[in-house]
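Please find the structures below.
The same subunit A turns up in both complexes below, where it pairs with subunit B and then with subunit C.
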Partner chain A sequence: MAEGTLLTDDFLRQIINVGEVDIVVGLSTHNHAKTIGPLTAAIQAGILKCFPRERVAIINADGGSQDGTPELVAKASIDDTWREAKVYALRTLHSISVRYARAPDPGKALQTILAAADLLRAKACVLISPDSTTFEPDWLQRLIRPVYNDNFDLVCPVYTRQRSEGALVRNVLYPMTRSVYGRRIREPYGSEFAVSGRLATDFLGNGISNEDWCRMGPEMSITIMAVTSKYKVCQSFLGIKPHSTRDAHDMVAVMRRTVGALFSSLDSKFSFWSAISGSEAVPSFGTPVQVELEANRVNRKRLLEMFSTGVVQLEGVLRSILSPPMLAELQRIAALDINKFEYPAELWTKTVFEFAASYHNSTINRDHIIQALVPLYRGRSLTFLTENRDGPEQDIQTREESLCADFERLKPYLLEIWADRK
Partner chain B sequence: MSLKLEPDWYKHAVIYQVHVRTFSDANGDGIGDFAGLAQRLDYVQNLGVNAIWLMPFFPSPLRDDGYDISDYKSVHPSYGTLDDFKGFLSIAHERGIRVIIEMVLNHTSDQHSWFQESRSSQNNAKRDWYVWSDTDSRYRGTRIIFLDTEMSNWAWDPISKSYYWHRFFSHQPDLNYDNPAVREEMWDVMKFWLELGVDGFRLDAVPYLIEREGTNCENLPETHAIIRDLRKRVDEQFPGVMLLAEANQWPSDLRPYFGNGDEFHMAFHFPLMPRMFMGLRLEDRKPITEILQQTPEIPSSCQWCLFLRNHDELTLEMVTDIERDYMYDIYAHDKAMRLNLGIRRRLAPLLENDRRRIELMNGMLMSLPGTPIIYYGDEIGMGDNIYLGDRNGVRTPMQWSGGWNGGFSTADPESLYSPPILNPVYGYQAVNVLSQKRTPHSLLSWMQHIIATRRSTPVFGSGSIEFLFPANHRVLAYVRQLGKETILVVNNLSSTAQSVELDLRRYKGNILIEMFGRNIFPRIGDLPYLLTMGPYQFFWFRLRQI
Partner chain C sequence: MQDIIVSELTQAFQQMARDIAHYLPRFIVMLIVVLIGWVIAYLLKMFIRSLLRLTKFSKLSENAGATLLLHQAALPSSTELVSRFVFWVAWVGFVLLGVSVLGIAGLQEYISRFFLFLPRLFVALVILFFGFVAASFVSRAALLAAVNANFRSSRMLSAAIRILISIFTLSMVFEVLGVGEETMLIAFATVFGAAMLGLAIAFGVGGKDLAREFLEKRFAAAGKEEKEDELSPL
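Let's turn to the complex of A and B:
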């Protein structure tokens, strides 16, 4: 990893002035002026409350904000001249920003933050989503303590979600990662997570960050790397994860960063995951935050329309990806009335596995494979939303667990088609 | 012999704090005395200090190390006679060393004849010399200072069957300063010592002189009126005499004790001291700059008194709870090191005997605005004994040599007032004046050098201070200036090497002359001035336009 290509001289000078720290709080931003002020205030409060003695630096990697986001982040600094009634800081808190590019690049942003953490010799580096509107000062402690006190290398979050939210995680990322890599990490693609200094250094140093799957989805990659390199992984209960409207508008981009990265990782990690069957829990810290479940308000008709249209319009593409029986089954359910529509768990599991195998074998352009998965995911989301429309939390968890069991049970199917699908 | 009248001598002094009992024993009874102290004045002079502050040496039952006085106009027999004191004072003055003595205004010992008379009957003429009450419920808003030992500020006197007020130990009843007779008597006491030739008083526990219902009984206007009256009398009758306030308060609360230059000449800056230790361990200048920025301006004739350690615990009253917890964890991990709200340890053990840190702390002590005080023994890096009670662990015999009793006394070791430090690291065989005098790079030699350098310029005593705020927060940098003389001080608080860029553009064209080695550093230009510093290194630069 050549920091020299990532870090500007000015940023390096700021890093030198910070010196050595215990904790780095990383913020990757782009035009986040609306949310970043309260968020940095909460981060500052978390530092003062939970880590008053530790040397902490907030590192903001900004992707070309035009709304003054870096300046707002810088206000979280506490130096000699800082005055705030009723708040006392034992030591200096640095908050520094760097514009790593003119346009957002999540991979580069993460690399910049981890490179800074590496240079600052941080014991722990926590990444916080700049979109977070529900971030509580205590989250900082819940993410960092396992690294800081218990020598974990990766702390993934566990969020409390509304019944209609987290469809991608609940239907693809969690069950697939669990099945393939054998670890029950609820949020392998967390908006907030913490890594140890050694994991950050390793991530930058061994070239993984330059691999395709890392560039596609850096956050996902860290999780996969930690699991496959036998780092100590745990998860920590945070709180309510707000629905992000940013990502919802560009599902393809989200799929590329998450599912694309996951699929891509399967290539180079085959020897690791092919030997795993079943899954094991990872240590969890804290207790789940309870939330009153609200009825979901999703336009189900629209989802069905996106699914059905996709199956029809992408028939040629899907034919290159899926087996004939699978495609036929999808065409059958695409014709169902909305009240009878169901995308069963087993069918969905096999769909994902066939996409993964096709992705591996590049039966067509890989990006087209990811794009083709999106309408099918809409169909699965419709079933997910229908099933979870009402009923207690327990039922939702039971269905989630059942889906995960299907993914684990059908993993041999994935292995079977892995080399065959040309 | 009196010294030449120098109205602001205290601003340029370096003060050496000594307890007669602990310094040198001339008559071989195991207790230090004035004759012994007088014999050691050559050493004090060679150290380079020009003032001595003596802890209480008056007759006392010694239940609070002499701060419980039973006779204000005499000398405790263990320390010699009044003539011995006069002899010591004369020799000190011959060497250009001024002498500051303690004056415990607030309270006496319960063995003092005044209190004995006062308690003897409710009709006694001295009854109102102390604060009596039929109930222990008055002045409820007043904090208890010695939390470890006292439950209340009132104590029951079984003889006069009433309560008396005491802010410190219950055997130290507070005098009643609402009584004019008390005020006159205490002035008479001060005059007694001033007429003998002492150069100043450290007035102990001044915030507590007056009590008023509904207040916290500290820093009251009536207390200030008493101080102003004393100051007026001193100025009129004994010009050049200095009054030093002992008031463990926040700077803003202390400021009124300077008045308009008509109360105290000097006051201890209590909150700064723990923050210097904190800044060093945090490797962050913030605690130091923060408290100094909160320190109000004082009249030009006044001065702060700075210290690293003294005869008391390292007090943590003037810090926040977070800071106190941090200080305890870092500097007093063993509970035996803690006393009241503080840490009873000497400088060298606090700094883990790290010569670089000891030098840096002394460097800051000597260069920050104020008059520095060196506690006896810290100039050679003496250790402490936390297993002795109260604060006696930092009041052990001065270590003069590696010989019998460390050269302190010829008495049998068992008869010393306190066991000397004996351990292999800090004991007198390892740490003593004699061996350090023979070594040009000893801590003692280094202390002589820095004191001489400090005294080579009036800037440190009287100059202004302006902090530079380099982006590297581990570096504490400030400019001291007086008239045309400018000194730049740069301290690396970190245990690792640091680079720092200083904005010195306003001094463009000046060259920097390092004050200890007199080496020339590059001329200041338009660019930030880059310095690289070793761990705990500090520089004093004289700026010269050549």
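Let's turn to the complex of A and C:
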């Protein structure tokens, strides 16, 4: 098992002291002192309100915070919460912090939390993002109930997003996961999600220890593993996804642990996904929150510049990845003026598929393939921003659906180039 | 007089016949060794070619940028080149082995020197190949990192890294081969030093605006950009 080498003696001692629990709430932090206080309070309020009879432990896996984040979580007292809520917990709420590494590593943090949940024999484990400034106590119920009461194994979130947010999820992760694995999971890479004890144990025992792609991006991989291993998957409408630029600063790292894990999973799961055509919906709980959010300012010129420069400078690299007509088309749109610029959905779909096929055949170093996708993603993001800048919310959803349809329609193209791309 | 001439001629012919009789078997042995050597070298070539095709050596060579270099130099593919090289080394080895059977005194030393040189040649070729692989990999990694960091002269940076690693590799190869060791060392040090000095001057004087822009972008304007430009991907 992974626990043997992953967890420190002190952390194991604390877990042994806790005994067994019903629910584990996991928090993966790194210098989140500003947000962790209110978030912990909201989690505690959610536990008191929705799960007063259950044994719950908050596990904080910290990646070397310098601002006292773990101490804030460990010291969080439930007294303040229940005085305000006028609700009393029937069980002790444990709160444990552990420093799993000196530098943040989302995969290791998830592993630590799942390993703790496994040792505590939790029936459900819910992961909450410390950046969730819009977290509400009800989110806990929406995430945990399907696992705890309805026997689901994975509950993915569905967020209400600002129209320019989540470009990677909306343009790659959702459409590609849907097209390849045949399940309409809106947020295959969720900041918040819940897993059953059996999925957590299976993921630790068979996923992360056996499969490279699970180690590359555990958050993404847990969804893929749940789908491909026929676990019961559903999604829950949560609320507003806060704007966060934490991930935007290192787009390459984000690509590696999302798109990299997705591409990598295609190798070992070929027999599963190659037989699938079309997609089916997964059960959804709750109702979507309809709020018109203010758009963030994004420098569109800079996005175009990064795309155009990328296509020009990486010509040699792209030639090893893309087919000649595809590269020629990209070179054509890279020369367009910002007002005329468009990276069409079909071209984007084929681009992603050709990258996936080249990744499979390792036409060049695999990590270099992922890095080469970043400038092209910026180009597609620009079109995504331009298209979604104005117009009703309905149009955005129609375009999203149309992109997904393109991914599903062109799946035979992926299968065709899968073995051919040398 | 006539008898003497006939006797001398007879002796000369007898000596020649003895020499031929002495060398002919050796010559035949040499021919056999050369012929067997050719067959072995040919089989070795076929084996190496199949092995390289099986291990997708051409793809590795393509990734390393060696294929492009060979194409530009109008040379055959890397797989063909390596298998031909093995053929010629093996066959020349057998030819020299055959020649050594003749027992010509002066040749022995050269033959043994050739066989002593072979391991060094092999090591030099291995260094050359991996040097090109490293140059290609590192320069491409630098290019991708520079492009994703929105660095303007990404290609120049990548090319500079490739050239430096290639020069370094060549200097190592020449050192292993023992060809102009000191000259290569001095040449490498001069080129490397000149390149570094040139870059320093270019960046400090010629590119002062670029340096200012880079530093401003990196430190002063970082906060502003965070607010305006970042697109949340997840």
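In this section, the second predicted complex is superposed on the first by the 403 of 422 C-alpha atoms of A that agree within 3 Å, B and C clash if a C-alpha of one lies under 4 Å from a C-alpha of the other, contacts with A are read in each partner's own complex, and residues count from 1 in each chain.
Criterion: contacts are C-beta pairs under 8 Å (C-beta built on N, C-alpha and C of every residue); 3 or more make two chains touch, one makes a residue touch a chain.
Please read all numbers here as calculations on a predicted model, not as lab measurements.
Participant: Which chain makes contact with more of the residues of subunit A, subunit B or else subunit C?
Facilitator: C
Participant: Answer with first, second, both or neither: which of subunit B and subunit C does A:Pro52 touch in the superposed model?
Facilitator: The first partner, subunit B, only.
Participant: Once chain A of both complexes is superposed, is A:Thr92 in touch with subunit B (first), subunit C (second), both, or neither?
Facilitator: The answer is first: A:Thr92 touches subunit B but not subunit C.
Participant: Regarding the shared-chain residue A:Ile36, is it in contact with subunit B (first), subunit C (second), both, or neither?
Facilitator: In the superposed model, A:Ile36 contacts neither subunit B nor subunit C.
Participant: With the two structures laid over each other on chain A, which partner does A:Leu27 touch: subunit B (first), subunit C (second), both, or neither?
Facilitator: Touch partners of A:Leu27: none, neither subunit B nor subunit C.
Participant: Return first, second, both or neither, reflecting whether A:Leu238 touches subunit B, subunit C, both chains, or no partner chain.
Facilitator: neither
Participant: With the two structures laid over each other on chain A, which partner does A:Gln14 touch: subunit B (first), subunit C (second), both, or neither?
Facilitator: Once the two structures are laid over each other on A, A:Gln14 reaches subunit B alone.
Participant: Tell me which partner A:Asn299 touches in the superposition: subunit B (first), subunit C (second), both or neither.
Facilitator: Second partner only, subunit C.
Participant: Once chain A of both complexes is superposed, is A:Tyr189 in touch with subunit B (first), subunit C (second), both, or neither?
Facilitator: So A:Tyr189 only meets subunit C here.
Participant: Which partner does A:Gly166 reach: the first (subunit B), the second (subunit C), both, or neither?
Facilitator: After superposing on A, A:Gly166 lies in contact with subunit C but is clear of subunit B.
Participant: Subunit A residues touched by both subunit B and subunit C?
Facilitator: none
Participant: Tell me, which parts of subunit A touch subunit C in their complex?
Facilitator: 164-169, 189, 191, 243-245, 247-249, 251-252, 254, 258, 296-299, 302-303, 305-306, 309-310, 313-314, 317, 320, 362-365, 368, 371-372, 374-375, 381, 385, 422
Participant: With touch defined as at the start, can you tell me which subunit A residues reach subunit B in the complex?
Facilitator: Within the complex, subunit A contacts subunit B at residues 13-14, 16-17, 19-20, 52-53, 78-81, 88-92, 94.
Participant: Where on subunit B does subunit A make contact in their complex?
Facilitator: 278, 282-287, 289-290, 293, 320, 322-323, 326, 467, 469-474, 494, 496, 498-499
Participant: Can you list the subunit C residues touching subunit A in their complex?
Facilitator: Result: residues 59, 62-63, 137, 140-141, 143-148, 150, 152, 154-155, 225-234 of subunit C touch subunit A.
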